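Both of the next two complexes hold chain A, though its partner changes from chain B to chain C.
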Partner chain A sequence: MSASVDVLPVQSARLTAGSWAALITLVVGAVCLALEPIAPWLVTWPAAWVLPATDWVGTGLAWFLNGIKPVARLFSDIMAYPMNWANFVLGKTPWPIVIGVVTALGWYLGGLAMASLGFFGLSFVLASGYWAESMNTLALVAVSVPVALIVGGAIGILANEIPRLKSIVQAVLDVMQTVPTFAYLTPLLLLFGFGPVVGLIASAIYAAPPMARNVMLGLERVEHEVKEAAIMSGGNRFQQLFQVEIPSAATQIMVGVNQCLMAALSMVIIAAVIGGFNDIGWEVLLTMRKAQFGESLLAGLVIVVFAVVIDRMSGVLATERQRHDTRVVWAILAFAAVFTVAFWARLPNPSELTLLDPVAQAVDQGLTDFTLTNGAWLDALKNNSMFYVLLPLRIGLDQAVLPFTWGFLWTPAMSYGLFAAGALMALLMAWRGHVTGGLTVLIAVGMLETGIANLPWPFVLTGAAALGWVAGGRRLAVLSVVLLSTILVSGLWERALLSLYLSGAAVFSCAVVGGMIGLASAVWEPVWKVVRPICDMLQTIPLFVFLIPVLMVFQIGEFSAFLAICAYAIVPMIRYTRHGLVNTPDEMMEAAISSGATEWQIMRDVRAPYAAPTILLGLNQTILYAFAMLVIAALIGTTGLGQSIYLALGQADVGLGISAGAAMAILALIADRMVQGFAEEKRKALGL
Partner chain B sequence: MKSLSFGVAAIVMAGSVQAADMGAVDEPIKLAINEWTGQHVTTHVAGEMLKAAGYKVEYVTAGMMNQFQALADGDIHATLEIWSSNVSDEYAKKIEEGTVVEIGDLGLDAKEGIAYPAHVADLCPGLPAWEALKDCAQVFATAETLPMGRLVDYPADWGTPGADRMAGLDLPFKAVPAGSEGALIAELRASTERKSPLLITFWQPHWAMSAYDVKFVDLPPGEEACFTDPAWGPNPNAVNDCDFAPSRIFKAGWNGLEEKWPAAYEILSNYQLSVEDQQPMMGAIDVDGGAVEEVVAKWMAENEGKWRPVVDAATK
Partner chain C sequence: MTDANTPAIACRNLWQVFGPGAEKALTDALARSGGDADKAAADLRERGYIPAVQDANFDVRDGELFVIMGLSGSGKSTLIRCISQLLPGTGGEIRIEGENVIGASKKQLTELRRKKLGMVFQHFGLFPHMTVAENVAYPLKVQGVGRKERRARAQEVISLVGLEGREDSFPRQLSGGQRQRVGIARSLAVNPDIWFLDEPFSALDPLIRRQLQDEFLRIQATLKKSIVFITHDIAEALKLADRIAIMRDGKIVQIGTPADIVLRPVDDYVREFSKDVAKGRHARVASVMHEGEGERGPDDPGLTTTMTLDEALAHCMELYEPVPVRDKSGAIVGTVHPSDLAAALQVDET
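After this line comes the complex of A and B, so read on.
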């Protein structure tokens, strides 16, 4: 808020806050560029100035971890009991009973549709031959989700009871969600010892925040009258909370349960990297190691099936109160029991079922055929994207333009020409009244010339501060600079810039392409019918599965990583864009229609502006998703922070892992806050 | 040298020492199952030997890089195929602490090198001689490496041996880290299917060696002097101008292993497996789709002479 106050006198000089921010950034950038030849430390932070922060973090953490290790081990031993029970129950129950129970539950919650979803979903799992592994995964989820629910619920209630803690809790939740799991697997391993408990805790850490957020939101939204009624009826605080407020927030809390389940399921797979448990994630990893796309897709689809079944069933739990006939439930269960007893001797061992192997092989063969027939143009696509987009973005035009890429060598004269053209354009825009736009164009030209990986650090810090200031006022600006400075002095700057470049390129592409797909889905229903299941699959399938086909077609390198990130991060952009555009309030639509606006005018002048905050939220999610995928993309040879995290995991280097993970979380956090700041502003401007 | 003397010691020990105590036969011995098939074969053969001796055995999946903490804590009791070329710093730390102990070489004769699928010889005539790469670099060039050729190197966490070779031999190649084993295999597969050029850092025994007909480039022998003395080898100004140093494959165990299961410790210490035995089993699993348990059981039945004496020496 303070920003707008500061800006008032300035506006009389016809410069807005944005223009000022852009101008300062531009000046700093220009100065850095001019001084670069005589002061190389402006571009590369000198090694001598680097604080051995990763070592400090390593030593400090090792000391701390050793201190609380006994407690953690005790916890680990305790958790082993429910873990073993869940494993025993799910592993030893004959498969017809498990399928019967899920089908019956489906009927009870959602009638025929849900029952058949459960039945066919689990039948698919059975036919895939991954039954035993799936049950192990399910056992892990069955234990980690209650832990996450309790922890998340407790955090949510705590924040609700003590409002002063709210902002701290929010920050903690952000950290829990943005620090890549790979980064804290090593310390967890040290703490809790080897085995499934580590995976359990990792997934609980990741799954608790959505629960906490929804509990907070739900309790916040409990109506005043309800709260007052509880107070007047004389209940103490405990009774008010558990007998009145939580029940009336139940719907929102159930949304949290649903999100919690989904998050736990996705994280269980990633935690499989450390082993200790023969679950689906381990299978996916094994098949990926052999580059068997068909098989890894099959194993991945098992997870998708679980995710869809759990999502739909818990979704019904959250929205509908109506329950279906229990007599049918008993009938299904009885049938399953009878079936089991009758065919006891002849039940096939689910691990030996290979019904879907031919399909997997066919998919694998299909991939081969595809790369063979389309190799030429795919290579051309890759080379052109590398030469003309990704390389210049990373190392700048002055280094990327070479005789064997663009056909000629970049000369200083061309740089001057480029700057001159940029300046002309900026002047033109300033003259037309878009001062900020013009300055931004100049900054963009400068960045294109230097390349993101070679940006001088004073420029990056100033730019971040400027953006932060415009988006969220002074606090955000200070926060951005302080956090980025920690990356700078800890010596992870270069890698952070590489990560920024790759995720930035991916986010930009996702925003453009995803926005267009979202628009198409909003305008034309059949498009959404096709796009929606693809989105569902992309979001729930283990991320590793993407890597093989991308690699087969485009080989190791940045372009493959770029595509893999896009495949995952584009989903929220599509979903939110469509959601925002479709949900224009009826009265606004009616007003527009009655004023005789054409379909296109409505889209441009009514729907799009109204949807802007939602779309910005989608962008925010896309950024977070891109960072999450960056770590996975290190498996196909990227060189940014993701690689450091993976390296640290391999070397069990706690300091490097946590520092690189923190750096990544910092980048994600800053981007998140900025986009949210802009979204908030938009929402205010719209009067929402 | 160290490994050689250890081997001799092990043989002497096995010869002189009479049957060892069985120890805690009621508790299962946990063996680590890592991420690759060769290791599965190695471990299952060892596990079957222990079972034949009267032990209970449990196979526990464990990430290769992350298993050492588990080994130090006694959550896993032995891991049987560690490659000297690819072992984390953590292993050295645990050995120093004394919580993990090395229990001898596996006897698997491994080779690492700069490799290529056979069809690449048509694209770069003169292979397998390494000198041919000097003129062929253009063939291997890609968008990321232009104007140099591209060498697909090990994932970054395994070190950068390929890059070291290229620098040592002054070859115009840029090494690109693969990120994971799956990425290496995907490169081999794509190259073989599309008949495209590929130069890659690779090793044997590995099922992909035969599946994709992978050949090694002939490099000057990896003698010790090559890694210390720049004057040695074709490039007088650099070290590393030669092939990989021969890698050692060995076994390691929890430090309480010997005390708790003395006979098992002896069996695992003396256990040896050769490439000739391991590679066909890997093929039977990865190429023909057999289950590890069945393939190993078949081998155990047919090759009793190769493993029974080790078990007998420890138990009878």
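After this line comes the complex of A and C, so read on.
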């Protein structure tokens, strides 16, 4: 202890980059708060200064879209053929044949396990009575996936062949990953009109990037010597690529196929929002709106079944697989055919099957009973979280603390008291040598008092610049400020802050809870045995389905949205935390053990620091997941950019849709770069 | 065929520089230094370029086994990639059987590789999705050789490397030594004149390595290819080479026969390499012999110029009588013949 006191003067004399950044941010924030009464424009960007950027974007895009409309319509006419065809085939094929084919495919890919997964999965779909709707969805996926595979594959190969193209493609793919799904839909709606083609195109666009990414990655990772061996064998470029490099990269490319399928399914279901097509996503939405949660859950489960079947079956492609007897395949198919013919007259119409309706009704009833009996504490949970956590975060203690909720009114004196307490703590921390930490505490106190939605814009810009500077140097700082400024002047600022608040709250909760679950999974294997399948499940479920259970219990509102975001975004945090902690090199562990460190000391001094970069990457994924879900959660009541995008879709307002989508992408991009920057720094510090 | 005087490979002032606009940087640096390679290299380094190969000059004669030896980072792998044109080469000349390959068109290079070149890689570079036979036959497949014919030829080289019976295995089912046999078979499939081997045995266990070295020598004895062989192992270099080039920091510091390298190292760096080497095994009598009739004693143990020093020593020792051996107290307990001492010091030839 005395040592740290001795070196204190030196430390305070030479502030680190981090402390400087925090200090500047703090000063700007304090000045803004102090000047608020005389210069209100420092806090809220005046409406008069807002550029009508949204309208410009709208006009420009509408002009452009109208220009390419004929091409688009032609394309949509062409796509209508395979779609109708797929629809016809899947819709008219007797269901025993479809089930037989899927079961046989399952056997071929993965033996008994996959065959039974296929069989029971589709049997469940049949029993649910959503057969026709499911086949419609499947038809969309069946057409959009080949398009996405070809387009994505071609982009990946081109990027690999033309090095100059590579960085551009990478950048575009990065941006596409951050642009929210709904934002694609509005311009597509304008181009293609209402109808299933929009869903088709949207899902093809959404599903192509993962394919492109994996093709690029796979080709890049082909062993250098294998490529050289192909050259030295005298192959021309075409032979090298198609006979050696692509087959060598097959495993990674199959991962791409798997991700492509899942993305397509997810997007097809999201695209149901625009309606006009009798698919399973639409069924969920419809029942949700009618508050028939039992049916909604049932339809949701059908989606989950599809997701699981498609994911697991295509996942087998990416692993080394053993050959399964093809005679079984023929046997299954023959049995399906015989069954169909034998019972032709007596095959029930799958749409009239209501085997599971009683279940749905029972769930509905049970749920009503549950909410009735437990309503008190559910409401309490919801209200307490809202009043004591979310609301203060959003509008600040000074406005959230009301007699109605907290039992007393917030007074300026309390603000000063809070600031004083914060300052005291900051000083204490600075005294102990944690200057940056102390300053950060003070900033956090200030933010809590003001509320994220009411933060002065100069403070946000300075803070972003400071963080960017620490994480990635001057370039990132400038990039952050420039990009955020475009949001500021385009009049989307308040909505952006609202989005930031909700996703921030969700990310924070995910980081804390997910980090702890990850830690528990790392130190105690049984926990992981339970957590792992849950994580697998959560990652397979299409975004949309997350809304159903939270809606059932907590109704429409911000809290439900918050929960849905958390449920989706927590997975990467858990996975990466565990992965980072578990993968400490054996030699390091052995060195620590032989030094006589206890379990806890090893965790704190060896495993945690070593895992830090990985955990930061997990946090990065969590942030991106949260942003993705934020927009979907707009369906059940959030404010901010997500809501704007959703509204724009309803009104076919391209300007608003694209601008708000771009704003979301900007937020996600900046967060992504900053966390990556920190992770990179940690990795470098560890010499990795 | 080339006439006897044309070397299989000739490198003249060969440079490989990494960095943006390397070609111009090299020309400028050479102009500034007035053609002095060392100065030019230092100049390039100062400007942030990496001169991985500096001003390499050597010939590989027809049927010669030319070994390039150096530590990791010395530029030996870069050099072999220059010669095989996997890297373009920044400056200078590479003549393969008299034909300059720097600046040759893609088509010419492909043609050259299909007919004249074969290469073996350190980590084998096998195609993971092809069987052994398909791997070996691939260089024939790209030229459009028919299925039957290429299977037959593949079978030939597979037998040559002793892999009969594994034709339909996949590389992942083979051991390291077997994989490299596949690599060797593949590089020989088109019966190339020039054979590049890039540290072919470095990734293998010592025992397997020796086996493959011996087998490699056996194959070479029948095929008589012109070979460029890369290694970081001085013992391997001395065992295999007709001539050795030693590289350091991108520069060839000495070229010579194994005996030259061991007995007449040009500098401390080369001396350091040969320090741990049993010189008696690699140097031959010719290298220490004074020419001419000269002054000599009455004995003639029957030395010839091609004997190793170890062998020569053993022969000389045979002239002596057995000598006594005593225990600690000084009593005679036995006898030993000096030639037995010399023989015991020799490493068994395999």
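Just a few scattered comments:
Here is the rule we go by: the second predicted complex is superposed on the first by the 607 of 688 C-alpha atoms of A that agree within 3 Å, B and C clash if a C-alpha of one lies under 4 Å from a C-alpha of the other, contacts with A are read in each partner's own complex, and residues count from 1 in each chain.
The criterion applied here is as follows: a contact is a pair of C-beta atoms (placed from the backbone, for glycine too) under 8 Å apart; a residue touches a chain by one contact, two chains touch by 3 or more.
Just so we're clear, the structure is a prediction, and the values are computed from it rather than from any experiment.
Of the two partner chains placed by superposition, only chain B is touched by A:Gln651; chain C is not. Once chain A of one complex is fitted onto chain A of the other, the partner contacts of A:Asn236 are limited to chain C, with no touch recorded for chain B. Of the two partner chains placed by superposition, A:Asp672 touches none, neither chain B nor chain C.
In the superposition on chain A, A:Glu283 makes contact with neither chain B nor chain C.
After overlaying the two complexes on the shared chain, residue contacts for A:Glu295 are found with neither chain B nor chain C.
Of the two partner chains, neither chain B nor chain C is touched by A:Glu449. Once the two complexes are laid over each other on the shared chain, residue contacts for A:Val244 go to chain C alone; chain B is not touched. According to the touch criterion, chain A has no shared surface contacted by chain B in one complex and chain C in the other. Looking at the complex, you find that chain A touches chain C at residues 223, 225-226, 228-236, 239, 243-244, 247-248, 250.
The touching residues of chain B, when paired with chain A in their complex, are 33-36, 60-63, 65-70, 73, 75-76, 88-90, 142-144, 146-147, 152, 155-158, 176-183, 185-190, 193-194, 196, 286.
If you check the complex, the residues on chain A that touch chain B are 185-186, 189-190, 193-195, 273-278, 282, 285-286, 288-291, 368, 371-372, 375, 382-383, 386-387, 391, 402, 404-405, 547-548, 551-553, 555-559, 634-639, 643, 646-647, 649-653. Those residues of chain C whose C-beta lies close enough to touch chain A in the complex are 81, 84, 86, 106, 110-111, 113-115, 117-119, 121-130, 138-139, 141-143, 183, 186-187, 190, 196.
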